[in-house]
Every structure is written in structure tokens, then in C-alpha cells.
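There are two complexes below, and they share chain A, which is joined by chain B in the first and by chain C in the second.
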Partner chain A sequence: MSLGPSLVSPPAQSSASDGSGAVVTLPGRRFRPARLLSPLLFVGPALLLIGVFVIYPSVKTIYYSFYTQSNAIGYNLPLVFTGFDNFANMWNDSAVRTAVINNLLWLIILTPLTVVLGVLLAVLFDRVRYEAVAKSIVFIPMAISATATGVIWRLMYADDPHVGTINAILGQFIPNFQSISWLGNTNLVNFALMGAQLWASLGFAVIVLSAALKAIPGDLLEAARIDGATELQAFRHVTIPLMWPTITVIITLTMIGLLKIFDIVWTMTSGGPAGASEVIGTRMYTEAFKNGNTGYGSAIAVVLLIAVIPIMAINIRRFSSEGQR
Partner chain B sequence: MSSVSLRHVYRKFGDVIAVNDVNIDIEDKEFLVLVGPSGCGKSTTLRLIAGLEEISGGEIFIGDRIVNDVPPKDRDIAMVFQSYALYPHMNVYDNLAFGLRRRKTPKAEVDRRVRATAASLGIENLLTRKPKQLSGGQRQRVAVGRAIVREPKVFLMDEPLSNLDAKLRVETRAYLIKLHQRLQTTVVYVTHDQTEALTMGTRIAVMKDGFLQQLAPPQEVYDHPANIFVAGFIGSPAMNFFDARLVSDGEGLYADTGVFRVLLPAEQRAKVLQRDAQDVILGIRPEDIYDRSLLQSSPSTDVATVNVEVVEHMGSELYVYFIAGKIQFVARLDPRSKATTGQAMEVLFDAGKIHLFDKVSQACITN
Partner chain C sequence: MSTTAVPSRSLAALPDAALAEKRRPWYSQAPIHVVIILISVIWLMPTIALLFTSLRNIQNINTSMWWTLLWKPHELTLENYNAVVHSTGTVGMGQAFLNSLLITIPATLFPILFGAGAAYAFAWMRFPLRNSIFLLLVGLQVVPLQMLLIPLLQMYTTLGINGTYPALWIAHTAFGLPLAIYILRNFMSGIPYELLESARIDGNGHLGIFFRIILPLTTPAIAAVAIFQFMWVWNDLLIALVFSGPSTAPMTVVVRSLVGQFGNGWHLMTAAAFISMALPLVIFFSLQRYFVTGLTAGSVKG
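On to the complex of A and B.
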């Protein structure tokens, strides 16, 4: 109760300075611990969780990236500070190089493919009567865990046409068809994995883009048609610009998702054959947890983190400028 | 500049017939207003002319050409939408230029026409703004500008004033009338507001439930409504309706409403006598009812004593709501009238201005 009056009544000095023209001390600007309590109660739990599960591991990973296991064999060996050695070693590590090149391939191929197919399907679905059914079908993979997706597609790609659906279908249409070893061929394996990933993630892009498409008022397109635009011009000059903010979100999310890609590759090939399908994520996991090179694995993780930051930064800046317009 | 003709036009949505056998010949340079309550088919009719709806039957001509299967972009029309439908990602200049660019107009010509149009609408200082940065009235002008910059054959306007506040609406109404006089273009204008219809149209097409009810100049629609619906829809306050019976005595033929009886003028009597039915509906506009005490000399017929229920002071006139038994009606009286709530007063019904309608067909008998 003793707090009551001090919170409500104006401080005495403000009325004292009236008329004198002196600088008035604004009431309530003094630091009061009690004022911090309620915001802290709101954000506290989230901050705690983020701290334990995101910030602490990130800091620890960065810390580890400057250390290397001693050369002795065994577990729980002491770590030795080696500065930027881990990062320098990556330059000459052909396995890491393959992983980075593969990851870039994923980005370059799958990002545009996801966006273009996403927009295309969203637009096509918008024009059919069985839209809900079509959307559900594309969306179903979203409900399947990445591990299960990996298992399903390993079966889809199986060499034996009695198991592998893809080979079975191709065998139906191509005479004298020799089963293709999708996951065993070093030239094909990356594209085969991308196919599985596309199947798994396209639904999300379609649903989000479809919502953006639906948000465009119909009379804008009608106005464009009356203004003399063909369907294609209306799409190019009205639909796409109005969907663009959503498209950039999909591009960003897809790129970040692909940089971090791990589960599909791990469950289907574990980076094989002969390391041909390694990506940064699998490389990091293998080094850190299979080969016991905690420091080296951490350094790879840090590189990945640094690669993601600019994409996020661009996106955040876009969002804040979007709000200002 | 072009005429527009609708011949037996239908538009069906499943079992619902939104536009039912509508025939309208819109002349070149005419300002035709399609008016009616919501759901009457007026907007659908406009969209049929625009080509935004597929026609289910009949023919639409723009000029001499049947446009049934012509896509909107090739009909040489422009439309102002109720929502204005400005392209939100383009500035005002690009909004105006969009249609010209789609028609491959040379760049210099686009620039010249956009600037000329903007200047004529007083929006030349807004060209670099996005629609979001404009007020409602400014957006409305840009929407009009986008339509006129292309110099189309026909303007279609779908309730273009309904998103403006009352004052701006009246201003814009006058401004659109002036614009039409200046441009001398055919305009088809959709509204649910009978005041807009009366003030703007060279002719009014009143619609209800997909049917065209009446197509005539505003004054004729007002003075000689084709049926009870048109009579009640056009005019504010609305026309009063009474169940009436035709009775004759030695002096002539009367319409007796139970509240008052009026002696039918000779001209109306002739039309009524051709019919068998005794029961009719009598309509009289609020301004055709007078406060008897203010009249110098008045006949003793066509008069009734009724109770005043509500008096609304409008400044230049009074809206007086009367009640007689279960029957209510309203009169627009001279402001000098002493009408007082709760008191009885004598009113005179102008027999020359009554309208009689058939009880079954609801059509006007006395036109």
C-alpha cells in the first residue's frame, strides 16, 4: 500500500518549477525495479528457453570451433586451443568442398524450383473446382516427418522395380528399361534427394502462396483486364507484384531450409555413395558426432551459421521497410 | 463514343436468374443509370456489358458489334469500380498509364495523355504517390482518371460514390455530371441511391429481381412510375400507398381509402372505367398532401382529419408522419404548418396527383 501514493501523485518538483521556465523533470522516468517486473514475467520464460536451447549452444559451438581434440585416441580428451586452424583446414578438405558445392547445388536448383512450382500450383489450384482436394494432396507430405519421408523415398527410388515405384513406372513406358540406381549413382544421387525434398516441402510453399493469391482483390484483375491486359500481362503486372512480399518470404525460408538440409540426406544416403551426396549438415554431423572431431564439426557449423546470416538480414530489412511503406 | 444495346439479355447463376430478359438501348452520349435495391441485377448487368460476366442468353451490342464473345480488353470500355481497384503497387502515374501501355501507345503519347488527364482532374501533384497515400476522394479521382485517360467508347461506373462521405458524394456527383458534359461519352452508371439516379441520369433504368421495371427519363419515372415498386423506390420520403375501393355516386367516381376519399379527375376516371376490379392501390407522394389550414380556398372533398404521430423539421419543410387507424403515411408540409405531435389536423390530398395501381399485377392503371 505504501507504493500507492508515489505511483499516483505527481512529484513535487514539477509543480515547483511551474512558471519559472526551468527544465521540468518528467515524472516516472526514474528507475523503478517494480516496473521491470511485469515485462520480465512476459518475456522471461521465452528468453530462458531460447537462452538454454539456442544461445548457449550457439556460443558453445563458436567456442569449440577454435579448439581441437588432442591427437591421442579415446573419448573425453582435453581440448586444445588452435585458433583458426579448423577454418583453415576446411579449405583443403575435399569432403567439405564437396559438401559446400552440393549445398550450393541444392540452393541454386531447388529454391527457384520451389518458388516457380509453388506459384504455378497456387494459381492453377485457384482455378479448379476441386481446389481443396488438390491442396490437401500437396500438403500431406508436410504432416510426414522428414525421417519417414526419407524412408518412403528410399523405397520409391529402390533399384528393384518390385519395390521402387520410380523404376517400375519408367519400366512401364520405356522398352528394355534397365533399372536406374538413383541413390547409388554419384551423378544422380543429389538430384534424387532434391526430388524427395521438393515433394516434402512444396506443400508449404503452395499453401502460403495460395493464401497470398487469394488476398489479391478480384476487381484488381478485372480492372487490369478492362484496361487491356491479357491474362498473362495481368498475372505479370498485377498478380506477381502483389504476391512478391510472400514470394520473398518463401525464397528466404526455402534458402535457409536448404542450407540447413540434413534429415532427408541423412536418412536416405548418409552422404553416400562415396560422399557424393554430402551436404554441410551431414558433414558437420559426421565430423562432430561420428568422427569425434567436436572442434572441426563446430567450425563447419559456424560457417553454416555465417552463411545463413546475410539471407536473414536481407529478409529482416525487407520486412521492416515493408512496414514503413 | 458509341451506343450500347442489350437484347433479351439473361444471366443465370445455377437456378438463380440474376438478369432476366433485359432490353435496354443506350444511346450514344447518354448517361444511363441502372438503379435498384441490392441483388436486383444492376451490377451484374454492368458486368455483362464489361464482359466480366458470361452472358447466358441474348445479345449485347457496343456500337454495331455484338460483343457477347469479345473479351473485356477488346471491348473498348473503361470501368470505375466501387472499390476503385487501383493497383496498390503502382503510383498514380503508372495506374493511369497502365491501360495505355497495354495498348502499346508510344511513350511520349502516354506521358502527354497521363499528364493532361491528371491536370484536368486536379491530381497532377499526386502522380508520384501510391494509392495508399491518397484520401478517399483523391483515389476516386484517380479511378476516374484511369478510365478517361484511355478515351474509351463507353464508361461503366459501379457505385463509384458509395465509398465517399456525404459531402464529398454530393460534390463528386456534380463533378461527374460536368465531366460527362465535357467528354460527351456514353456512360452506364450503377447505383442503389435513387437520388443519384434522379440527379445524374439522362434516363433511369429501374431494376428489381433481375427484371427491368421501367426505363425512362428521371422526371417521367418520378411522375409516372410504371408500377408500385418503382413508385415506392424512386422518391424520398417514399410514396404513400393505401388500399382503396372505387365507388361511384351521382357526382362521379371516387377512390375511397377508408381514411379519405378522392374524386377521380375525368382523365383518370376514363382509364379506371375500362376495368372490372373495384379494389385498387392508391399511391400519393408526400408533397401532394397539404395542410388544409394553410390553403386559401379548398374543396370539401379529398380532405381527412388525421392524427400527427411524428414531426420532423427539415428546415425548408416538415416531414409529418400521420396515423389513421392502422394506416400510416407521411406528408411534406410547408414549414408554416402548425402540425403538432399527438394532435389531429386536416389535410388535403391532391386528387390530380394520385396514382392508382392494380392490386394483382401492381402495374399503374392511371399512366
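On to the complex of A and C.
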């Protein structure tokens, strides 16, 4: 900020009126290269970084997805163009198929669960005085990394009933209870992971939905009640429609997050046992960085990108409809 | 995002809720209290289980439940923390904590530094393709990290910087910029035009307007961006797994490798995990409002 005073003198900026011209551009003025200089100064560094380290790598990943190249990192083995082979191979690769199915399972189960529980808790919390405390308790996991969440839930799910809280509690209530291997059972592992993820991310939905709930004018609900609506009818026909824009935001954000899920699975199971809990993120990491299959790993990344594109389109459209000034 | 101005509004609505509560007799509220308390217990218990387990030695951990500590407080020990801070085979959590700081602080400052300037240009300057480029940035926010990893690793290897702090700073800065610019630009474009105009009449150029008017007024948005970027980098595992080296590994990587090495070494894993959570939890409890705003604003990233 010490820069400030030195800029008072007009000469610092080549010409004050010229600078202002960019703030209020008069329509119809001739395009002058000199007036590009200050925008470039402000926007250039950021765009350069994004161009070199985000856009260029993304394009290159798409390029690699059409090639086969093993152990390409560091060694420049020749590239072999293979067209859509990588994508075709994925179709027959049972590990990838499991990963895609699991990712869909995550989406189908966790997205509605997050929204429904989020709305439910937002409404319940709204009715008590200690709302702030309850909300922060549910929000705490948002401060915890997915890696630490992974350790926390490995501990909760631990097989040993002296260690794993869930098995210990079930053992207290169920006679002759046999400890369940939550993360070791191929049928249970995905649901166990989803439980951990729900614990980690529900707080976010609750906070956002609760804000939307507070924004509903009280007299609207009052009017509905005066007109003879029951609590449930008022909720269904007034509260939910008014919260709907926020609910769609939560749906898109949850879906994006779930499609890209990696950290929590990698920490808790690394995709196991026997590949039963693989997701697209873990498959990509394993192929690209464990097996050194650059081309195949890139193709998996591209599949992930394609899966996110519809959501990205919604994002852009929402932004455009909000209107640019 | 439109969802940022959350917490203050919820406080304003409190009297309404209190009123509504008064109208009903307390017992009709009882089921609600039961559900909320149950939820609160479920949400608190896992973290407490981790903390308690980390404070007991491995023999005690393996023979009795963590809550035993409540009536046997003499079992409490810090030996796990002591062991894990110094060495765990790879990098000790002490060094890893330092690495996390050395990675996170620059990787938080750079996106704000570069992003604020760009946001100003997108909000208040005219230049060719401005709207198209901005729309591109909106789209880039959801590009999966996985799309960058392989080419970035190749670039770093060619430059000979793989495994260094700058490699991690660059990846986090570039990946964080689109969202940072987006949030800052939306905030800056809400600043009244009259303020900029009067500053211009006082003889300020773009730099003067930016540093004297825009930056001070943008502090809340900068705080929000700083918090989400800090949390994102601090808690990141994937970028760190790919680009950090043995001596630059942050805590997430060390915790993850502990899980791999000692699947049942609960005493070390829990202590290490708790150390990695400590700073974000302190930030959460001390800056709760900004924290919620920041995380809400940054939630599209990934």
C-alpha cells in the first residue's frame, strides 16, 4: 500500500484522462492500442498464469488422451497415436467400469440425501434458540481435511470392537453381535465411505439452505396460514418453492464435488478392497501415477471433464442470466 | 456466489424464531430437541473419538474404548504426539506442519495478489474480449484438477522444480485464480461508480483508484477468498501427492502415508490427523463468520 502516495502526481499515469477513458468508455471512440496497456497490466499476470498452468495443461491432457505413452513423465518415450482406443479400452476395463458405477452410486444416493437432510436440518434448527450452536456443530467437519476425515472414519468403522465406535455401540445393543468389517466388505465399503462424506459435507448444505430459509419473508407464511394452510402445506407450497433456487445450487455443487471425489476414498480404502470402492478420481490417479499410463490416465481425466461439462454449462448460464454489467 | 451474505442475516431473524417458540408449549417442541441433540452427538462424536484415541497409549487403545478416558483420566498421555512430531519413518509431523505453512501461505497470497488486479480490470475497465474471457473463467472453475496433473508434472520435471515449494505454489495459484477473480470481480463491480469517478476527478489513475478505493473496500471479499484458498491448500491431498517431494511433503501427505504404513497404528495416525486439523479448527472457532462466508464462496472449486 505504500505505493499509493507516489501515484498522486499525474505523470505517474501517462495521462489521467486517458486512464479514465477506460473506466467510462465513450461508445464509438476509435480503438487505440495505448489504452490496452493498463488493462493488460492488471489482467495480464493472472491470465498468463491461468493460460500456462491451467488451459495449456488441460488441452495437453485432451491431446494425450488420444495417445498411448507409458512412463512418459520425465522420459520422452515416443507418442503413439491410438485414436479413441483409450476410451474404447475403458469400456472393457472392469476397474474403470466399477469406478464409473461407484461414482454414479455416489451421485444417486448422496445428492438427494444431502439436499433432503440439509432442508430438514435447516428447518429444524430454525425452530430452536440454540440454532447457532447446532449449526456450528454440523459445520465443524468443513474445517477438517478429507484426509483427516478419512482417519476419523477409519477409526469409527474399525473392525476391533475395542477400537471402532460403531461396532462397539452396536455390540452394546445387539446380543451376540459380530463385528462388521465396514471397510473390508465389498458390499458395504461404498456406503461406509458415503457416510463419512455425508458427515463431512452436510454442514455446508445446512448453512446455505438455512440462509435461504431465513430470507423467506415471514408474512408470506403467515398469509398461507391465515388462508387455512397446514404447516406441511405451507412448507410444501411456500417454503420449498422459495428455497428452490438455492436447492438447485446445492444440487449442482454437491454433484460436482461427488464427481471429483478423491481424497477421502484414497485415504480410507485406496479404492479397495479388491477395487470395490474405486471412483473415477482414484482410477485416474492410479493409472497415471502408479502404473505410469499417461495416455490412459489422461483419457480417464477427460471422461471426468465430460461428466462435469453439463454442470459447467449450467454454471455459465446462471452467471449469464444474472446479467453482466 | 449469491449465497455469501449468510451469517449476519440469520442473527437478525432470531427474534422471530424466539417468538414462534413462545407460542407453542415446550413439550410440543420435545421431538425437535431430541432430533437436534441426536444429530449434534453424531456430528461431534467422531472428532472427539479421534482426539481421545490420540491421547491414549496403544495398549489402552486396543483393550478399551476411547470413552474410558472420561473416568480414567490418568490414562491421558501425550507420548503419541511426541512420537509423531519427531519422526514417523518419512517426515515427522513437525517438519510436515512447517511444510504445510510454507506451501499454504504463499499459495494463499499469490491468487489474491494476481486475482485482485484482474478482478478490477474485469469489473471497471474496457478491453477487447473482456466478457468472453470472463465467461471462460467461470467455466474453468469446475475443470477437474485431474486435467492438469500429468502435463504440469512434465513441465515441472523439464524445469527441474518438481518436488519444490514453488511447484506447489504455482499449481495452487493457477488453479485457484479463476474462482478468486470471479468472487473479487463480482464484489468490486458492486462498488458505487460515484466513488471511482470522484477519485478520478481527484487526479487518480487506475493504480490510484485500485489501491486507494477498490482494495480497501474489497476487504471482506478478500478475507473470504483468503480463507477458502487457505483451507483448500491446507487440506489438499491430490496436488501435494503429485508435486511435493520427500522433504516438502505437507501434513495431508504424511497422514496419508501413515495410514498406508500402519493400518492399525491408531496411536500415531490419530495424533498426526489431529495435528493436521488443529490450525483450521482454531481458525474456525476464532473467525467463524468469515470462515463460513469464505467456504461458502469457494465451494465450487475442486
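Please note the rule applied: the second predicted complex is superposed on the first by the 272 of 325 C-alpha atoms of A that agree within 3 Å, B and C clash if a C-alpha of one lies under 4 Å from a C-alpha of the other, contacts with A are read in each partner's own complex, and residues count from 1 in each chain.
What we mean here is this: a contact is a pair of C-beta atoms (placed from the backbone, for glycine too) under 8 Å apart; a residue touches a chain by one contact, two chains touch by 3 or more.
As the structure is a computational prediction, the values presented were derived from the model and not from experiment.
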When both partners are placed on the shared chain, which of chain B and chain C touches more of chain A: C
First, second, both or neither for A:291, with chain B first and chain C second: neither
Touching partner for A:162 - first (chain B), second (chain C), both, neither: second
Which of chain B and chain C A:223 touches, first, second, both or neither: first
Partner chain in contact with A:178 - chain B first, chain C second, else both or neither: neither
First, second, both or neither for A:53, with chain B first and chain C second: second
Touched partner set for A:39, first chain B, second chain C, both or neither: second
Shared contact residues on chain A - chain B and chain C: 325
Touching residues (chain side chain A, partner chain B) in the complex: 217, 219-220, 222-230, 233, 237-238, 241-242, 244, 325
Residues of chain B touching chain A in the complex: 50-52, 71-73, 75, 77-79, 81, 83, 85, 87-89, 98-99, 102-103, 130, 132, 146, 150
Residue ranges of chain A touching chain C (in the complex, touch as defined): 1, 3-4, 7-8, 10, 12-13, 16, 19-20, 22-25, 36, 38-43, 45-47, 49-50, 52-58, 60-61, 64, 72-74, 121, 124-132, 134-148, 150-156, 158, 160, 162-163, 165, 168, 199, 203-204, 207-208, 210-212, 214-215, 218, 246, 249, 253, 256-257, 259-260, 262-263, 266-267, 270, 281, 284-285, 288-289, 294, 297-298, 300-302, 304-305, 308, 311-312, 315-316, 319-320, 322, 324-325
